[in-house]
Amino acid sequence: MEELLGNIYCWFESIFGQYLAEHLWGYNCETLMYQRNLFNVIGLITIGISFVLVLAYYYLPLFLFNHPRSNRWWNWLIILLIAGIFNFFVAYGWTINDFLNGNIGDCLMYTRDSEGNIISQLIYKKDCWLFGLSNFFVSAMFFIAWSLIFKWWSRNCKYSPF
Amino acid sequence: MKIIIQQTLIILFSTVLFLTACGNNRKSKNGITPANDEFVDTMTGTSVKPIVNVYIENSSSMDGYVKGVTEFEQAVYNYLTDIKISKFTDSLNLNYINSDIIPQGSDIEDFIEKLEPDNFRVRGGNRGTSDISNILKSVLSETQENEVAILVTDGIFSPGKGKDAAQYLVNQQIGIKNSMAEYLKLYPNTAVILYRLSSKFDGYYYNREDSRTYLRSQRPFFIWLIGPIEQLSNLRTAVSESKFKGSGVQNTFSITTGNKEINYAVKLGSGKFKLDMKSPKNAIKNLKKDTKGKHKSARFSVNADLSGFLLNDDYLNDNSNYDISSKDFIVTVSKAVSPFTHQLNLSSDNVHKGIVSIKLKTQIPPWVEAINDNDGSVPLEGKTYGIKYQIEGIYEAFTFSNDFYTELKIYIN
Amino acid sequence: MLKSLTMLLAAGVECGVDTIVPIIIDRDMSNKDLSRTILLIEDYIDVNRIADTKGKNKFFKTKIELLNNELCLQLKDNTQKFSDFIGKSTMSPENQALVEMLFSNETLELDMTAGFQGNPNIGSVVLNQFDDSDIFKAFATNFSKGDKIFIISSIFGGTGASGFPLLRKILHTPNVKGSDGQDLPNWGLVNDALIGAISVLPYFMVGSATDNSLVNSDTFIDKSKAALSYYKTEDKKLDTFYYIADKRTTTYDHHKGGDEQKNDAHFVELASALAILDFVNPDKEKSNIHRNAEKKINYTTYKEFGMNADVAEINFNDLVDETKKLLINPLSRFMLFRNYMTMVFDKESKYQPYARKRFNNDFRKNETIKKLEAVQAQFYNWLQEMEKQNRRFSPFNLTTLSAFDFVKGDVSINESKDFMYKNWAKVDNELNSQIGKMDKALKNEQCFIELFYSTTEELINYKN
């Protein structure tokens, strides 16, 4: 159960890289153990945001949400995109912050030879962007799932997007 | 509409900033390395200096090493001096040994000056025989807790005239094994290091029948170090083999008790697998074969700290000293990054599931066989009569319960 | 006028009875107005079948029934010329001379298929053969205790003016026999039934004759006066007698009959229809009906229609409160319903949950729904026509695209509860809300009409 969210993110591991994935799993280069599972943290935020926006879209009486003129499929899609972009930045922001502040363990950042010289770099800034992108997809998945579950009681948007 | 978008944007960015501020700020910690001038017991963390007792065999066969100024004297003098300088010990006791132990005080210079055949004769004891088993037994009985014994000997057995030499060697071996085993019961953390050195020899060589021949050539001699593992490790650090004067250390044999727990961990990224989250140091899952490269094999590496066994790289880098439970796997050894010393690289053509056990075997190095003189009738260049049996005796004592220094178990799911 | 009544009933105006049986007596069968009215009523009857939802729905709620499935009391004889009808050619020379004295030559030569063209004297002769018709028999057969009778006639016309007193007389004649010589059934009930009438006085003129028509609107007033003096004899023969007229007139194109006689709807017709509703209103019984213990009429109540002001353009504010309250909600709701169907439904039904899987593309092809929309179209035309008159009834802005701003005058028809939803979105929102409250057992068409009634009732609620 604890690994459920991480396993979902790992469908996209080939996009953002194995080493950033290990960092997010919480691998600590000193203790060589897994500690804080960041997939759970970021995943819960993503689930939460998409959940809130799904509820808002279907139930909040405000233009753009639960309104007879915003029950077209593309209105739903816009909200999905908003959630996705927000979650993109959550994921990107978190990882780039760790990257820039040296919070990512050395054994995950670089391969070193026996003298301690860097042979190659394992995690780059672009991986943080790509993780953001992966989170966008994860967000979309959850958005669709929440929509399927919760849309049925919506007055105006019940059949949006289908 | 516009206001809503603005508000939404504000919320979005402030939340991102808030979240990004919640990252962990873990800085990497540096390891602690002991300072050179203070010897810390790495096991207990205490800094108690050991007592060092030096025993030089003064039987007749040793006379050839001490006539005049020889490499033997240089090596021993230099070694003891280095020990003193390094402040490894505050208490260095010098002795002659044959059938008895004859104390010679603590003045190294005086001691070395007096290393002459005449003095050997004078100092007493029964110089006629070299009962190595007894010598060792005496040394062990004098070596208490936190004491280091340094025994310098030519290592040549002398069964005597009319004796069954082969039987004698075996008996000596058993005797040595017995003494060592008893000592290990009292002090299980004991290690033994044996240096083989070489020196000019000018004197009589006594063969297995005790008949002597005059010899003037390079002959090997041995320095045994016996004591607690940590102290021997410290001693080696303080005065390494490279510091030996003269011809230097030709070969080294070391042994400690086995089946020790060490720090090891599977190396992340050393192959196509995932670390088990609950037990990432020694369990992996989803091991797959490489998809790139000519030779597609399933690989993983284990970093291990093999520094606690007093073994040198020659031994540790030799694949044949490792025993893998699954014959599918082959192992190679390379250097690792701190806090580990060595990286064991395993690879297999098949994907294996289950437990893979890697044992660092306790073995006698091949050079022992090479420099052993099994015959003992004439002096063979570079060889020592029966040295193998001494080493095997020690070996058998140490490997009585187990024959491996440590075992690494990796679980593959 | 029947058209106006039908429109009011379609809109769901309160009616004190649950069934109305209209019978049109006219010789001019091809009168275009009549044809339109017949079609309207047939459409209404079809829609009425889905109107009984056991819910809130009031649109088309009152039943309209046709006796023998016929609206018109067909006068048997198809003889066309008046002289043939009275059989002048078979008369004795003395009788022929009498006839020639009583009736002008034009009158005798009159082709009566187009009605009596403003000659009540002919009509009275011809229409005496009422009791022979099948409809009359059906009328008698289906008559029950408690049924009421209301006669509508125009005083200045031909058919209407002449037929009214005759009809009333027959209804009060005991033991009338049918064409087979038998007593008409239930005739005692007919005799004793509550009876009201409206006589519509002149409210329009006709232009100059384009063909050999004898209709002349200059004579309307004179003819009215003549008829009114005769109607004095109706006193105490009717429970309630309604009069309506309008001095402010519009001039219609002159067509004596046939499919060219197509007069635009007029507010007077609407007001006349209100007379019917007034008569059948159980709350009004005390003021309308005055019978003694023997069920004989003590005296007749006379009523005229009044408004707040004599204005050329009437909207709801110009009507007295009672009329306003009666009309404003039903007409506005029906108007909203019609507007939604014409302006919004096509586009929004694809997206709105209320329509999903129920009111899809094929829904509008359903016969009943087509008729409902036909009635709505006619409703709109009816309002348009009334707007063109000199005395315009123009309560609504008929060209607006707005959902709620169509009621003219300072009339507030709804409270804005949900400021989030505006204009048509507000209607869609309400539709989506109401659909969840619909009885699942209702058929699609019934659900449709109930839904729209509930929605318009929620959105349009004039109080005060």
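Points worth noting:
Lettered A, B and C in written order, each chain numbered from 1.
By definition in this document, a contact is a pair of C-beta atoms (placed from the backbone, for glycine too) under 8 Å apart; a residue touches a chain by one contact, two chains touch by 3 or more.
The structure displayed is predicted, hence computed values, not measured ones.
Note on connectivity: the fewest steps through touching chains from chain B to chain C is 2. Pairwise, the chains sharing the most contacting C-beta pairs are A-B. With centres taken as mean CA coordinates, the chain nearest to the overall protein centre is A.
Between the Cα centres of chain B and chain C there is a gap of 120 Å. One inter-chain figure worth recording: chain A and chain C are separated by 69 Å, centre to centre, where each centre is the mean of the chain's CA atoms. Rounded to whole angstrom, the centroid-to-centroid distance between chain A and chain B, based on C-alpha atoms, equals 52 Å. Shown for chain B are the residues that touch two or more other chains, of which there are none.
Residue positions of chain C touching 2 or more other chains: there are none. Within chain A, contacts with two or more other chains are made by residues 62-63. Touching chain B in their complex are the following residues of chain A: 2-3, 18-19, 22, 25, 27-30, 32-34, 36, 45, 62-64, 82, 86, 89-90, 93-94, 96-98, 101-103, 105-108, 111-114, 116, 122.
Per the touch definition, chain C reaches chain A in the complex via residues 348, 351-353, 356, 418, 420-421, 424-425, 428-429, 432-433, 436. Residues of chain A that touch chain C in their complex: 61-63, 67-69, 71-72, 154-160. Touching chain A in their complex are the following residues of chain B: 1, 4, 8, 12, 15-17, 19-29, 265, 268-269, 275, 277, 280-281, 334-338.
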